[in-house]
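Both complexes below contain chain A, partnered by chain B and then by chain C.
Our next item is the complex of A and B:
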């Protein structure tokens, strides 16, 4: 039993933080939202060079076949820094689906980052994220995996999430429902990690703000009302993180409880990140409510991801079904 | 990163499970905060100690098994899963013993640890005072040097002392240097509760039992041999991390996991399919699982030389609120029967008893408001200020 990141994983996290910290990602995200994908695609390439897009691809296709905990490390960093683009779809969902279907876009290109894939997987993920930028659009149509095309655009509260209806095209192969379920689990876990990272960012930003913003002659962070709200965010994030990594271990072991554990992780990470975003906005006050201030990019991201890949209610119900069946 | 148990840990867990299966009393013992229950729980401590299960993490010389932190966590999981009795020796074992191991003289360890481990001597803590609750450093009870007799004279009043109504000995802080401020000039003393000048007045808790007491000190003599650590160094001794890691900041997840499993059983028996209650049951189970995994993270960190520090406050806020929430959910599942505490009640009223006990969690060992200040100031780095 060793429930902690390895030195390699810590190094990977640091490398991602260094890269993303220097990349002015909020500006990249704003451009992406405005339909200018150039800097976002540049960032995609640099992250691919660090291995992010190869993590979940089998070695036979030039991938790293990394353990899910490595993927969680990567997506926590993507969430913390707000990297825009269909990373979950291309780096996590597509490798699982394409491996299962045995056809479709080249996994080697997905791994290297030269091809970007997005996907719609109704009913939980009804729209294809960034389908206008992606090289390939997939549609999970029951047990059939299809190529698809970008249809009508839909507008998300998170302007950097450019959603599109997926117009079904040619079938690429059939996928076993169990494999679709595993792909969904992996994508949901990646989303949970992103939420965790985004929650950490807005907490850190709020602490900074509370230290420097003075009212009534002192820093607002001296008031217990502010302190306690931020402390509760620390507690929520600290107890969501082990569920996210625990689910990564379960997925890596391909255990019978993996879906249950992923759902527990998503429910807790959504709730913790959402609490973090509400507290962050309240701590910042009106400045946090403006479009100009970057905090809003994270607040809207967290709002969107809280219900993406299954709501808290959906995931709690899935946990309840699993644990009541197990103890029966 | 993995959650696999090695052969040694698995063998340890299996041995504990088998022993508990054979020895845990079939019918629950009477409440340990009654005279009858106190004796029954002491006997249980003796039963545990006879086969070296009362203090598994202690050295073998002192009735322990030299168990690792992970093995201790596994033992606790098995203990709660088996529905074994509450530990009447808990305060001594988890709060005092780690301090004795770190600061005690050989003679003190020799004298106190074995009788603590086998339930011969039950210890009560004496921290709070009428004017020193969350603000423990405001304590006023005094210790005055008596050179002629080679010891100290204690005066003052302690309160909310768990187990003190029936316990044999106490431990706590007294102000030994009246000129020193707050955290300085305090000394850690050990004393018998039947000493001349000690009066114990039981206090009945919300559950109707005398679970804690006031302790009055009137010129109580304590010899130098019962000072723990150096005179004047009491605050540092009492707050040392050793006292926390296996006690409150590393509270065993077993208790919450077992309660969450019982809640699931209740949901299957009594749940009306209400999605609102179902979500709460799921949330309680998820939180217990989170606590378990978080603990494995802490165990890993400590095994690799790390420390708990202010993270103990994060931990305490989480488990104490989880405990209340979990029991509230059970009571709502029981509906109009929830208030019953008689023999005919579901589980003999155990859910209500557990609920009443859980209500003390956010208060004792530093209220959760104090813990939130610690988290905000020491972990997040917010200014202490005037609050």
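Our next item is the complex of A and C:
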């Protein structure tokens, strides 16, 4: 398979990079973590104006009905720039579930960004992200989609991920297990793309740091051990990227192997981004741990996303099952 | 209202810019091309005027094939169509030649209002709007940080060192804008997809009725005879504070006539 981004996808990525690059997102993320959502919600609106929240919504509800590859482009940018908020839940998971259930919060409002939806989907996603800020909370209860309320807060290693228990409310409709699976796959793919973007960011930051930080009379990037560690991250990200885009194509084609491909993408993107974050911390040394230095925001984000939407172990097992079932 | 925005693709200001050693012209292939930053404000202003008064926004660019990327971005922001003047004969044109070529194209497209950025980040002559207005025989309203249109009259606030001048003229006219005028929009997914289907007319020198002798490097009235890299920054002077640091700083500032 040959896959390259179209001019339009590159243009969309550029527009998102430009907007997010100008938006001082690390400061937005810090405020979000402290419970002040004002700037985060403003950013949500601006990203909605660019179409991020409408990508996965059908055209009949004011959406863009875009391809999963377009969604991946958007979420890689969100990951690279650290945008806080339940983007996966509102822009990817909820449109799939609400379309399938045929009821619940208005998809038109989700598409326009005027309503923010979050969701818990146990056992993989037991808590609802940012449920205190979202307008609607959903709970995937087996094959029943329910409205829910924000319950007890839970902590995440990523302070900008404000998790809440979801207290079940009235049922909104039933969803076919295959469609629940597809919604979960799409959300997992979005998470993989975010990891890829976050990994790219911490690698770029580390390379820049290794060039400018001098020790023993030369830039630390001149030392082979540092060079090799960063090159290994480059390789890991470059091997994860085709899996993420391959899974997007498979999901767009509704292929029989789409779930396997999504799992392969998540496992690879998690491992690559996690390696990127560990190497970034090591390259930076003590400054990397510093609260005031933004790198830590990405490192904790990557740690949280690595196990969100299924751990690496879960996804590797899914790939193994698919491979052994095919050969049996 | 027929609004034409002149857009130039320039080397990305983030990347190092070079002149070619053979003919002393800008090496456009060596750097990534982006829309000249001030032109984005011109596009935004055209779109705002269209939203307020109706009409159509045409993007006009003169440049090599790769300027197509900049045209696509302008169309994705919301412009309706584009004209791309592209011909090897135009390479190396100076401001006089460029203004002549654009005048010829504007003769074909027609216009009520031509909007330009006040200058480009590569050549930085800031003369094109004035030359174009002169050639077209219409008023020039330069350095606008606010544009208002009422029927066939146009009023702009022209920024000055001491505040602004209020300048009025009647349409058709040429306006150049500064970055204080608005905040250019980012292209949306919808806009980017819609841009794919918008018409881009490619014109060569002959199509536009341009006399090839008046443009290009050979037709240029000005010539870059030599260039040199900026000298490396000199090492700063380090003053050790021995209780008189403040006085030394004041002395230095006074020697440079800052205080």
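We adopt the following convention: the second predicted complex is superposed on the first by the 326 of 328 C-alpha atoms of A that agree within 3 Å, B and C clash if a C-alpha of one lies under 4 Å from a C-alpha of the other, contacts with A are read in each partner's own complex, and residues count from 1 in each chain.
Everything that follows uses one rule, which is that a residue touches a chain if its C-beta (ideal position, glycine included) is under 8 Å from a C-beta of that chain, and two chains touch if they have at least 3 such contacts.
Since the structure is predicted, the reported quantities are computational estimates derived from the model, not experimental observations.
Of the two partner chains, chain C is the only one touched by A:51; chain B is not.
Of the two partner chains, chain B is the only one that A:223 touches; chain C does not reach it. The wider contact with chain A, measured as residues touched, comes from B rather than the other of chain B and chain C.
In the superposition on chain A, A:317 makes contact with chain B only, while chain C stays out of contact range. Shared-chain residue A:64: touches chain C; no touch with chain B.
Once the two complexes are laid over each other on the shared chain, residue contacts for A:304 go to neither chain B nor chain C.
Of the two partner chains, neither chain B nor chain C is touched by A:124. The interface of chain A with chain B does not overlap its interface with chain C at any residue.
Residues of chain A touching chain B in their complex: 1-6, 9, 67, 69, 203, 207, 210-211, 218-219, 221-224, 226-228, 230-232, 234-235, 238-240, 242-243, 245-246, 248-249, 261, 264, 267-268, 313, 316-317, 319-320, 323-324, 327-328. Against chain C, in their complex, chain A makes its touches with residues 7-8, 11-12, 15-16, 18-19, 49-52, 54-55, 64, 66, 70. Considering their complex, residues 69, 72-73, 76, 186-190, 192-193, 195-196 of chain C touch chain A. Every residue of chain B that touches chain A in the complex is listed here, in rising order: 1-6, 9, 70, 261, 264-265, 267-268, 275, 278-279, 281-283, 285-287, 289-291, 293-294, 296-297, 299-301, 304, 311, 314, 317-318, 369, 371-373, 375-377, 379-387.
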